[in-house]
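After this come two complexes, each holding subunit A, first together with subunit B and then together with subunit C.
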Partner chain A sequence: MIGLRLRTGALALAVLAVAFAWHIAVGAKVIPLATVAEAFWGYDETVFDHVVIRDLRLPRALMAVAVGAGLAVAGALMQGVTRNPLADPGLLGLLAGASFAVVLGTFTGLTSPAVIPVLAAIGALAAASIVWGVASAVPGGASPMTLVLAGAAVTAFLAALTAIMLLIDETSFEALRVWLTGTLAGRPGTAGLWAAGWLVLGLVVALGAARQVTAMAMGDEAATGLGVDVRKLRLAILVSVVALTAAAVALAGPMGFVGLVVPHMVRLVVGHDYRVIVPASAVVGATYLLLADIAARMLLAPVEISTGLITALLGAPVFVWLVRARL
Partner chain B sequence: MPDDARSPANSTPLKSTSLCHLRIEGIDVTYSDEWVIQNLSLNIPDGKLTAIVGPNGCGKSTLLKAMARVLPLRSGRVLLDRRAVHSIPTREVAKVMALLPQGPVAPEGLRVRELVAQGRFPHQSLIRQWSHEDADAVERAMQATDTVQFADRPVDALSGGQRQRVWIAMVLAQETPILLLDEPTTFLDLKVQVDLMTLLRRVAHDEGRTLVVVLHELNVAAAFADRLVMMKDGAVAAEGPVGDVFTEGNLAEVFGLDARVLIDPESERPICVPRIDP
Partner chain C sequence: MSEVIWQKLDGRVTFALPLRAVLVFVVLLFVVFAITLIALMSGSFPMSATDALRSLAGNPPPDMATTVVWEFRLPRALAAAMAGALLAGSGAVLQTVTRNALADPSLVGVSQGAGLAVVTVLVIFPETPIGLRPVLAFAGALAVATLIQAIAMRRTGGATMRFILTGIGVAAFLGAVTQAMLTYGDLNRAMAALGWLAGSVHAAGWGDVQVLCISLALLIPAMIWAARPLAALRMGPEIATGLGSAVTRDRAALITLSVALAACAVAMVGPLAFVGLIAPHLARRLARSGPGLHLALSLAIGAALVAGADLIGRIAFAPVQIPAGLVTAVIGAPVFGWLLLQHAKS
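Presenting the complex of A and B:
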């Protein structure tokens, strides 16, 4: 059992490494894998390909890893703690809240790299609270359905506000138009480092709490009986989900459905123990977004599609399948 | 705590656990701003099966949840030995008191062995992960509940009675001296109810554990419990050995039930038979 887990884990990491290398190799110009390896072990700044890899492609691959891992773990935690198979940072409005807050920040001049993830976190938290409040006010309380409906309403509302702001300010509009579809094409720079901090915070809390999420998935009462401090755990998970969402949005804008699709794929293979689901979601989420970003760059090459459009194209059918199979 | 309060040294399939005494001192519990329980005190005898019965809405499940620290208290205390349950770190409570809530839901696809293993949660930490002791406890709990044969099946593929046995295995694997169970037999066939109650009585008598079980079926409670607590309107209406409490008078007063109480000559347990107008 343990041996099997280790082997599956090693395989998942190997696949991630291959996807990572492949991701770096493809682009406007395909660079041979040998050159990719050379750029790491025998970096030569006079070789143009090496510079492209170091300065452009490596940051983009790392962003894909960070955003994919963050959103997948956030989705897994949300699904476990709320016992809602449709929980996802996008479907429950957190991505819309975070990106609205970032656009609002841009609109009002708050664009320093350290501030963007903070704005995203505040926006995600506010949107999550509103969605939860709206869904709870419905007769019958917050069910998977009412939460998704409230999430859709809040997302639409915030998207409209965002659109209004962008119409008023055309410079921001140009800068943010692509970002708002979810893209890894941006150059993160120092903002990337700040976002990485939030990501690490979210992941550490998630890994620490993972064990308790399994108990929590059996209901509040059963979890309490097993010695889980339900209120404390909820708070820890909220912190983690908001931090992960904020990091992902700060880096790549609202990347839909990653948090929905990846944990469900992971569960099909590893079962229902969140001690395994959380780290597995991080690895598979990173791989998934690397592959989605490869597709985004290759499908209509030389035209590049927003990665968020690819994740939506892949995710929407999974969403429909989940609604049919699980609700 | 005197050690001789333990059950006779039967061959115990499960690891014996040290005793821990449960007592309720004048608790008030409110539920969405309504008083459900007011000034209730109760002493739970060690190593016995205590059944709580009462009409719907009398507060019996609320009482169990308050004992299990799922619900907060407005006033009063639930005492584990001399310490208040609501102020002990929750993980520590879980090492001595287990709870099986009403109608628990297993995460979809979770296998029986994985669910039972959850019972080991309070004994583990980030540093101390799965151990032989945990594996043994899970194995013993599955043997005691006769669930070994479907250890690798998903919980949601089992019948209602089998599923309930798996949940009982989970709380047994927690290896606590006290177990609280909220309506563990509701909605099950009579035969399945009897099997489950036989199992629970064995846990109390053979292993010396203290069980508090909220039950819906009066005759099942009368047949299996050592002690009976009858509740009405958030208070204890009658409490004591089954023979003393399960009377026509109490049934009429607490349940408004017009019934005769007969004694089963074989088990010498009381049973109630409602009077029906011809």
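Presenting the complex of A and C:
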């Protein structure tokens, strides 16, 4: 069993590495993989390709890894703790909340790199509370359906407010417009480092709590019986999900459906132990977003589509299928 | 509830008219008229009510007033009101047929289907005449409605919540395709399509009004026909069958009608969100009535809603114009949340 796990894990990491290298190689100019390798091991700043790789493509690939891993882990945790196959930071309104808060911050002049992830976290937390509040106020509790419907309402509301802000101040928002569809084309700079801090926080909490999430996925009573402090665990998961969402939004804007699709793919292979699901989701999520970003850049080349559109195109059918199969 | 009951031939022909509903309808018509009048008066060239009315009557005070009223403000106000009426009718029919209080053409992807069809045409064949747009929108919307029905209809004949959730997924997918289309297309055309997608009537001219008028003229008789099957279906498929209605056929016809209503509105002013959701509920709260009168009330409320939303969007942050669709979304989303709570209670 352990041996099998190790082998699967090694295979997943190998696939991730290949996707990473491929992601760096493709683009406006296709760079041979040998040159990609050279740029790391024999960096020469007079070679143009090396500079392109180091300054443009490597940051973008790293962003894809960070955002993909963060969103996938957030989705896995949400699905486990709420026992809801349709849980996803996007569907439950967290992405909309975070991006609304960031736009509001830009609107009021709060744009320093350290503040952006904080704003995103506050927005995600507020949206999550509202969605959870509405859904659990419904008699019968927060079912997958009411959660998704409440998430859709919150998303529609915040999206309209965001669009109004963009209209009022058109000039300063040109960059945000693309960012709002979920893109890896931006260059986060120092904000990226701050976001990375949030990401690490979220991942550490997630890995620490993974063991108890497995118990929680069997039901609150079963978890309590197994010695899990359900309230404390919920709080920890909330912190982790909000931190991961905030990091992802600060880096790349709202990237829908990643947190929905990846954990379901992972569960098909590794089963229901969250000690495995959480790290596996991180690796597969990173690979998934790298591939989605490759598609975004190649599909209509030389035009680049927003990566968020690709993840929506891939994820929405999965969502429809889940509704049909699970509800 | 007071009703006027009208009997002929010893009660074999009986006609009950709920007074309150009729009264509400008349009041609503006045509201629509008032909003239109305010819309004519306000803007960067303000004028008094008498001036606006006089220019309408063809007896304008200064020269500018005629142009402002007839070329800009009147077609815009009319287009808003008519599109709102169409969307409200669509929502009312859809909610009754699917027996789902949360059904709304923009929520279940019908509007997005129409939107995708129109954007495709705007971007790829910009020379298409404006009159063809409703047809294309109808084709797109109908395809989506059929798809959602086919997916959602499984065990229990289209369980209501699954219908909505499937629609949300399909809407997300179509939205992404539409966005990708915009990235790919020529920038100027894409910008035109973008304004339209936000659900805006600010560019509405007499061409749009004409198309909307024709749509309404064609679809109102269909709605009058729809009152009967709706009355049966609203009690559930079993009872409707017992009452002698061909449930499958009626349901298909009514969904097609609902799709057509939404498609005509979306083709001209873009996918305005939540109008089809709010108007029928408001109509039900204002007055209890049969499905026919309920439809009429919904139409009037929809007209008032969108005309009002456009007016707010126009003057709230002037000179920036907020598309009516954003205003209806800001109003409609909380209403949706509230309905969600009510819906689960019943």
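Definition applied: the second predicted complex is superposed on the first by the 327 of 327 C-alpha atoms of A that agree within 3 Å, B and C clash if a C-alpha of one lies under 4 Å from a C-alpha of the other, contacts with A are read in each partner's own complex, and residues count from 1 in each chain.
Please note the rule applied: a contact is a pair of C-beta atoms (placed from the backbone, for glycine too) under 8 Å apart; a residue touches a chain by one contact, two chains touch by 3 or more.
Keep in mind the model is a prediction, meaning the values are calculated, not measured.
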Open item on the list: Based on the shared subunit A superposition, would you classify subunit B and subunit C as clashing or fitting together?
Closed with: fit
TODO: Examine A:Gly197 and indicate which partner it touches, taking first as subunit B and second as subunit C; both and neither are also allowed.
DONE: neither
TODO: Once the structures are superposed on A, label A:Pro317 by its partner contacts, choosing first (subunit B), second (subunit C), both or neither.
DONE: second
- [ ] Mind working out whether A:Ala152 is in touch with subunit B, subunit C, both or neither, as first, second, both or neither?
- [x] second
- [ ] Could you tell me if A:Val138 is touching subunit B, subunit C, both of them or neither one (first, second, both, neither)?
- [x] second
Open item on the list: I want to verify the contact counts: of subunit B and subunit C, which reaches more residues of subunit A?
Closed with: C
Task: Contacts of A:Gly42 with subunit B and subunit C, given as first, second, both or neither - done: neither
TODO: Could you tell me if A:Gly189 is touching subunit B, subunit C, both of them or neither one (first, second, both, neither)?
DONE: neither
Open item on the list: Contacts for A:Pro32 in the overlay, against subunit B (first) and subunit C (second): which applies, first, second, both or neither?
Closed with: neither
- [ ] After the superposition, pull out the minimum Cα separation from subunit B to subunit C in whole angstrom, please.
- [x] 18
Task: Intersection of subunit A interface sets (partners subunit B, subunit C) - done: none
- [ ] Could you please specify the touching residues of subunit B with respect to subunit A in the complex?
- [x] 65, 68-70, 90-95, 97-102, 104-111, 114-115, 118-119, 121-122, 124, 126, 171, 174, 180
Task: subunit A to subunit B touching residues, read off their complex - done: 80, 83, 85, 208, 211-212, 214-215, 217-222, 224-229, 267, 271-273, 326
Open item on the list: Give the list of subunit A residues in touch with subunit C in this complex.
Closed with: 86, 134, 137-140, 145-146, 148-150, 152-154, 156-157, 159-161, 163-164, 167-168, 181, 256-257, 300, 303-306, 308-310, 312-313, 315-317, 319-320, 323-324, 327
Task: Of all residues in subunit C, those that touch subunit A in their complex - done: 102, 107, 151-152, 154, 161-162, 164-166, 168-170, 172-173, 175-177, 179-180, 183-184, 198, 273-274, 317, 320-323, 325-327, 329-330, 332-334, 336-337, 340-341, 344-345
